[in-house]
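We call the chains A, B and C, going by the order they appear; numbering starts again at 1 in every chain.
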């Protein structure tokens, strides 16, 4: 079978500045995953291909779309149902992104997690939170407008509920990034409301010149996870030296005077160059104790070791 | 993640005239859709990627295939089931196309619709017809042979029924295109028969030098849509000036002395250049009245406004 | 819609020896398939697109992944479920392949089949065997390590059972290829065990300078197909002259003193150049007779004629 060989980072040539482009990238994982969450220690493999498309209008607006092999791009329920695709248009007015994209809360708040594990063990334990807010609660068809001004950026978002409940989700977020004597600092604040629940998340992160990164986050979840008035707090600390990244994180869901669900994760990445990274991850959920849910201390843990391959 | 940047219209280079090629194109839609057909006014997004492959034999025959990300290319029921793909081979003998392609009636008859709407509102109302004939009634695995001679082209097609009914569909079509003093004129005539039903469609279209286009169509449907001896007639009128296209259409299904189902649509497209087009569409089905089906006049209407993005 | 034209065999250019690449290839089939296995003689079409990705680490290890449009790349049951993808890493230590790949038995044993038919008639009759061994019996997530030394290569493989039965599959294989006075000769020997069944397969093949190829195979199947102590034996003979390949094969499943299930196949391929091949195939299963299963001699037969198109 004949083949087309394409080299990454190669811009093939184009008919003019306004030409549309399609960018193809791939990602694969191979290794071993285990822990008492799965039945047995097992081989772990995954692969995907992503198509990133972009263009420019005659008036200088840029636009694009992204879809991957695992998406469902069919125009199901004529285009009102989400299949994983996103698209955007941007210009001096700002940027509008639609589809399977972050609401303004998730856009503004930064995750506490660093590094990658093939089975995401370090970032998917019982205490993990991804600032997802109310995203996806109303069909997953999200529209977000964002605008940058100097070190600040702000966004508003909407997700229209098509059910009878009609609980449309609206969100607003703002974030800041700056440099203080070699330490890069970032802050994020996001808010979402669906007329039944209202949530906010606030995050801060610092990247020091010695390779240490500290991320912290706090979120008020309004009964989204473990009960009334639940909140989440987490911290992630990482260190990069040469090709090596090691990181740890801890997160806890709490209800005032009530139960707690927490967990922690560890990850190590070693970059082999050329797109290959050795990845090891561990995560455990501390689901037990006096004021905590469940009865078995640290009963759910998972780990994985393998390669992450980018093309 | 590393990326391959490919520019549209770039022919990368090839090993010889007989080399096979793969062409990648993308299309995305983003906007808002509403009307009483859907539950509520809602965001609308869609994206797809199409792979168009072609090659040439040593003897000068050209061949190709087309499949997209939303197709189901698996060899289900060993290749006898259709997943949306098409393939062809052509030469001086003509062209044979197989797969999810038009039968000879649809190939010969031209649609009355112009322009695009992200939710296809203008061309999917209750009175719309797409000259689909009996295509898809026998499994959807179609083979069509076509041949061109001067201003004329003709085609025959077959779709083999695998059910016990054994109602194979055969079709024949002919079309003409010419130029009369700056006005481009086209005619199409198609016929299909499955030994139970027999249908025909006749269409005519004129594209004037002042930017006005008129398309008309008539089809005898033989109880395919609303009853015995049903027919369809429609007209579409469009006007293009600079980057703007506006078009309207009307279509009606009728039974002699019986009910009528009709509808009309409007569409406006403004080309921003570089592949981005602003699209607005409206469609409504006039399903009511004395000799008409249903009781609520114009009860089903839909509209959409957004961007169509080609890559 | 704008398009990207890519020519096969074109290396677009790259940022350095360690750059990752994505190779795109396509395959399509069009024709007619029949025989009393299907209900009626019917059109047959199929198409697929394959993404082959590769890269090199700074230390000189090569790695890659392959996934196609028909795969299910979603990280189902986090990466523990197979969707058809494979990935590898190789270096002076050998090569490790994971995913939907051959176990060591299938890797070592060579199929007896030559040529292609659009519906695989010649190689999918009742007597056909593909040296699949126990592959897929434990979830299909396979890891294989292989190493070459001179004319020899060896492999070991594992497939971990996630069910309660816990019947992990382990395999070992060795193969040889050499040249004796212009005749290329190959041998393969593979063994697999899942603690309930143990299987082996042995194959030999010779490719003569006059265009004749002979492949033979024998496998002990340990009750995998038609009963206790079942075995399989087969032979394939092919002849290539210019653009034409013709081949025949015969295979038989036997139980000592018990029933027999056998079949034979014919195939002819004519290469039109540029990636297009005319393909005709026939297969029949001889499922009858005294010590054989069933009562109708040669009752299951299938045939197909068409084009295989590579891009």
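Here, a contact is a pair of C-beta atoms (placed from the backbone, for glycine too) under 8 Å apart; a residue touches a chain by one contact, two chains touch by 3 or more.
In this text the structure is predicted, and so the values were computed from the model without any measurement.
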item	value
Arrangement of touching chains [line / ring / star / complete / other]	complete
Proportion of interface numbers common to subunit A and subunit C (over half same, under half different)	different
Subunit B on subunit C, rotation in degrees - Cα superposition, rounded to nearest 5	120
Length of the line joining the C-alpha centres of subunit A and subunit C, rounded to whole Å	39
Sites on subunit B at which at least two other chains make contact	2, 4, 6-10, 12, 19-20, 22, 24-25, 69, 275, 310-311
Residues of subunit A defined as touching subunit C within the complex	1-10, 12, 19-20, 22, 24-26, 28-30, 33, 38-49, 68-70, 118-120, 272-276, 307, 309-311
Interfacial residue positions of subunit A with respect to subunit B in the complex	2, 4, 6-15, 18-25, 27, 50-59, 61, 63-67, 69, 71-75, 78-80, 82-83, 85-89, 96, 98-99, 139, 141-143, 158-163, 166, 275, 310-311
